[in-house]
Amino acid sequence: MKLYEYMAKEIFRNNGIPVPQGRVFTNAKGVRDFVAQIGPVAIKSQILSGGRGKAGGIKFASDPQEATEKARELLATDLKGLKVDLILVEQKLTIEKELYLAITYDGARRKPLLIASAAGGVEIEQVAEELLVKRLIDINIGLQPYAAREITRQLGLTGQIAKEVADIMLKLYQIYRKYDAELIEINPLVIADSQALAADGKMTVDDDAAYRFEKDVPLVEEKTTVEQRAAELGISYVELDGEIGVMANGAGITMATLDLINEFGSSPRNFMDAGGGSSREATASALEILLSTQPKALLINIFGGITRCDEVAKAIIQVKESIDIQVPMVIRLVGTNEEAGIALLREHGIESYRKIDEAVANVVAFVKAKGA
Amino acid sequence: MKLYEYMAKEIFRNNGIPVPQGRVFTNAKGVRDFVAQIGPVAIKSQILSGGRGKAGGIKFASDPQEATEKARELLATDLKGLKVDLILVEQKLTIEKELYLAITYDGARRKPLLIASAAGGVEIEQVAEELLVKRLIDINIGLQPYAAREITRQLGLTGQIAKEVADIMLKLYQIYRKYDAELIEINPLVIADSQALAADGKMTVDDDAAYRFEKDVPLVEEKTTVEQRAAELGISYVELDGEIGVMANGAGITMATLDLINEFGSSPRNFMDAGGGSSREATASALEILLSTQPKALLINIFGGITRCDEVAKAIIQVKESIDIQVPMVIRLVGTNEEAGIALLREHGIESYRKIDEAVANVVAFVKAKGA
Amino acid sequence: MTIMINETTKILVQGITGKQGQFHTSQMLASGSKVIGGISPGKGGQVVHGVPIYNTVEEAMVAEKAEASVIFVPAKQVKNCAFEAIDGGIKILVIITEHVPLHDAMEIMAFAEMKQVQIIGPNTFGLISPSKSKIGIMPNSIFIPGSVGVVARSGTLSYEIVSQLTNAGIGQSTVVGLGGDRVVGLSFIDVLAQFEADPETNAVVLVGEIGGNAEEEASIFIKTMSKPVIAFLAGKSAPPGKRMGHAGAIIERGKGTYDSKVVALKAAGVSVASLPWEVSELVKKALIKKGEA
Amino acid sequence: MTIMINETTKILVQGITGKQGQFHTSQMLASGSKVIGGISPGKGGQVVHGVPIYNTVEEAMVAEKAEASVIFVPAKQVKNCAFEAIDGGIKILVIITEHVPLHDAMEIMAFAEMKQVQIIGPNTFGLISPSKSKIGIMPNSIFIPGSVGVVARSGTLSYEIVSQLTNAGIGQSTVVGLGGDRVVGLSFIDVLAQFEADPETNAVVLVGEIGGNAEEEASIFIKTMSKPVIAFLAGKSAPPGKRMGHAGAIIERGKGTYDSKVVALKAAGVSVASLPWEVSELVKKALIKKGEA
């Protein structure tokens, strides 16, 4: 789950990382008074998508009047398809230096990974590899002061600023651990008025660990309604923009099924991994979700391992009997209790395939015939 | 530094370990009202010495009147030579079972050590080894729930009580780490009214780490005034009850010097390790402390490594010139700048030895001559 | 010979009294696995499918020492159970559970590294040396013993591919599911190295997917291997920035694409099947070329 | 031959710009030690006694790899510096500082164990292989090279005993101070085992004291040793329950007494000197018996 900048910064502030003075607004009211207090400001739209600056999501104002106007403007904008509901009005900084600092994880090394650069303020992908300082962290030991010091040395920092940046690193690592973060990024970490502070803040926390900090972090929703419903059912679902609704069991086989649909000349409406060992009710609900997205056809690809084919067949029959399915439905069913499942489907007039290529070829043929 | 029972229990309570309802009193006033509220009580003198119960430091009362009387009684007592300034008045428990639980460290294994027993309520030294469950803890990993569960299994606990005791262990370990404890002991950890709770609490925190929690833990003084002054000077000092005041540099050689005094037929007034590399001023102050305890003679045994003999000589001369030292002073001086030191002392009419046996023999002879 | 587990491997099941634990214990026993104990706190002394239950791993290990354990407990409890197994002396630990918090997984891996324990998973189907031992949740029926090693990031897709191998008469030495999570215990390389060293594995099938750079890293090792490697990768059509079911299956910042992986694997001499049903043919060709079929 | 350090051992000094660090660097250099760098954050680029200063251990190790390091920083900073040295690749770490918090010491030891680093101290005078290398704070003048190993819990007392040996013409292979704290890195056994294996050590002097059971544990190992061991123990007259300077020097709950240690050592065949000046005679006797003097 991604957090808004203002949320990340609130967490930073509460954990001792300096951030610019700022306040969140849902409308332009109050901006005037705030700016009258703190002087020139940056007004930053709070959206979760990256590249906000380039898209015009950050504006500057030097007085209360200008700030109010620009706040109104931003709050009336759609940025990258997202409506701006919130703005963060922040003291404008006199930036002497922009650094980059992030803590994430290295999947291959199975360890927390700190990335820092003296070339901050631009997207990190654009920073040359030799300008990045990367350091794996032993999670049993954590980030220790000596390591932070070594990183600041490699960044070419000295004196008081080196100490402040090292301190921010240590606190950032504490936040990373405390909030089960997947990624925390400060870009830029600025030196302004001879002080180091977090001018931006990105934070993605681990959904799987949300139960540990849900009291502290408000839930941010990025999902569409269909994705939400799927998530509630414990189904892994990603909305795509193609023609064929797909349900399979297992992430790998679902991806491979989408690949095959493409290979055969159509496109998938979604990724849906109904998981292993789902109950008949869950399978039926998953099917209902699929139908709600109005695909041109349905492809169900089940390799029964934990999942029993007869249970899948029963779910399909249940949905077919309760809903008037208007689109062609192609089923591929193999594995545990395959015979029973196929027989059940046949009893209810539903034909199924055992070979995945045949199933995909047929569902694509249906869609093409319809489109023609 | 040892904490009083009531302090340990306050820390327990603040960290989620159940303790009996109780309140601390410095006089009997208020005891009546408190007991009227909570019913029968135990009244426990707050002293740092062990074996309090046997010494009559714990009394029971079933009504406010009796409680007030017994509180007064206890507050007028000297227990093991210590005046009782504080009493803890606590709800009397209906004890079903008494366990023992402690976390300390194993110096040889260099690790935290948990000790538990189903035979609690008596001094742990009296519990047979086979009734003790001992478990070393990996300090990088900490005490994990599975380990606590395994310990409760070995204690023969089951069901809800096992869960509660395991939970207390986990919290006790957190306290152990948070307060840099050398030892935390709950004896007994009782089961009362089907609930596990800490009926007593002993806690010794690490003086060397006091700077980390001094805001949270009030300092408890156990030292005499002379020991306090020595501690302020950074000198390791232990008051003993013999005749000869001793200063040496290094704990091992100081102990060996005390042993030799005994061997030669006298006894030491103190243990004083003036440390290595002390300044002239510190050495002079250490000498003044020694004299303040009015020994029958002084023995100074310096093996100059970091400590320079000429500096020691200067300190001795300085003290001798400012204070009228009434007792014989025997000095043994070898090591770095030994010649210069000896020459300096000689210039001021002070004789010194190079061999430790000669020095000890002479100082003991002085004392015996005096005593005769 | 097989890798990691064989007919003598003694296995514990952590979370044996749950629905999944019970069912898969019966399936593992049916496949020949030596399940010698189950762990379920508070249920010590009971028996599930003839397997004695203990309250803790330590209690079980005192009764009979196991080399492997498999975890079926809910995600919140996985870290504690994994630590218990690792500390208890287990050397191969299979974590079936999905949705294990990332930080828990990293802690488990760090502890396992310290104690030199091999972790399979989390979010894995497990591993099987057909007809000898299975630790996991895969259907017994699709596996036959043989000389092809399989290592995969995803479950059902491996079943698909193993089924084809089996239908084509190609048996498997050991099939290992690394797990679909962001952080898992074994890498492709860890398993490939064991297959390379195993005298009865003659070829290896690698089942990968988009996201991360595990396949790219594997390619570097494959260059040093004497045995043929055949690969199939899922996610060719996946859009960037979308997490496709597995936590690790996401193209981020232009990294982890299908093409990047295929290029790396082909450069290492791997035969990459573009369609799943091509795998068995490529394996046959490789074995013939090597003179092993 | 000597144990742990010799004339080739490259040494870093952590906290080299402090008063103690500077002084003892000069003394170490004077004794022949190869001090190749000092660490003092913010002072990198400076030079102390001809030794280049670096800001961090990592920076120093890039310039020239050291095997050993010695720590002179205040107690609060010891943990961080020790971790830095251990993580930086140092294999022998001497911690001179006293009053290191107990929990910090335990964390240091756990990390050192993980990375297989030998820790001398905290609260030690260090170690010396006379005429070859010294890492520590002991006066150079009292040591001469030879074949007697010395291992001690306390500093000045060891000087006393080593001086006697030297005055009696008995040289030392290596003298090691374990440190006087509650938790220190090496035990008597760790050092005794290295002396036993060292071809040029012919006898060992153990300098112990009351408190703990290190001497009792050592006795068990000494039974297996081929080389003679001579011991002297301080604290015979110490009252129970009083901490005699060293954190570990306390008789608690009737344990750690002088008598308990003497009984254990004598049972292991150790000659125990009751007075410090008896040690050199006992060593001579032992060497004559062994035909080495």
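For clarity, chains are labelled A, B, C and D in written order, and residue numbers in each chain start from 1.
Quick note on the criterion: a contact is a pair of C-beta atoms (placed from the backbone, for glycine too) under 8 Å apart; a residue touches a chain by one contact, two chains touch by 3 or more.
From a predicted model like this one, the values you see are computed outputs, not experimental measurements.
Participant: Would you mind checking the shortest number of contact hops between subunit A and subunit D?
Facilitator: 1
Participant: What is the minimum number of touch steps required to go from subunit A to subunit C?
Facilitator: Minimum step count, subunit A to subunit C: 1.
Participant: Quick one: which chain's Cα centre is the longest way from subunit C's?
Facilitator: B
Participant: Sharing more than half its contact pairs with A-D, counted by residue number, which one of B-D, A-C or B-C qualifies?
Facilitator: Among B-D, A-C or B-C, the interface that shares over half of its contact pairs with A-D is B-C.
Participant: Count the C-beta pairs in contact for B-D and for B-C, then report the pair with the higher count.
Facilitator: Counting C-beta pairs in contact for B-D and B-C gives the edge to B-D.
Participant: Can you compute the centre-to-centre distance for subunit B and subunit C, using the mean CA position of each chain? Integer Å is fine.
Facilitator: The answer is 55 Å.
Participant: From the mean C-alpha coordinate of subunit C to that of subunit D, what's the distance rounded to whole Å?
Facilitator: Their C-alpha centroids are separated by 49 Å.
Participant: Averaged over CA atoms, how far is the centre of subunit B from the centre of subunit D? Could you give it in whole Å?
Facilitator: Each chain's C-alpha centroid was found; their separation is 27 Å.
Participant: Send over the residues of subunit C in touch with two or more other chains.
Facilitator: Correct list: 111, 114.
Participant: Would you please write down the residue numbers of subunit B that are in contact with two or more other chains?
Facilitator: Where subunit B meets two or more other chains at a single residue, that happens at 140-141.
Participant: Answer with line, ring, star, complete or other to describe the graph linking chains that touch.
Facilitator: Shape = other; not a path, cycle, star or full graph.
Participant: Name the touching chain pairs, please: which are they?
Facilitator: Touch list across chains, by label: A-B, A-C, A-D, B-C, B-D.
Participant: Could you please specify the touching residues of subunit B with respect to subunit C in the complex?
Facilitator: Checking each residue of subunit B against subunit C gives 141, 144-147, 149-150, 153, 158-159, 162.
Participant: Okay, in this complex, where on subunit B does subunit D touch?
Facilitator: 105, 107-108, 110-112, 125, 138-140, 177, 180, 182, 206, 208-209, 211-212, 236, 238, 240, 248-256, 258-263, 267-268, 271, 273, 276-277, 303-306, 334-336, 355-357
Participant: So in the complex, which bits of subunit D are touching subunit B?
Facilitator: 20, 75-76, 99-107, 109-111, 113-114, 125, 137-139, 141-142, 152-160, 163, 180, 182-185, 187, 207, 209-210, 212-214, 217, 232, 234-239, 242-246, 248-249, 253-254, 274-277
Participant: Could you pull out which subunit A residues touch subunit B in their complex?
Facilitator: Residues 140-141.
Participant: Under the definition above, what is the set of subunit D residues touching subunit A in their complex?
Facilitator: 41-42, 44, 55-59, 80-81, 83-84, 87, 111
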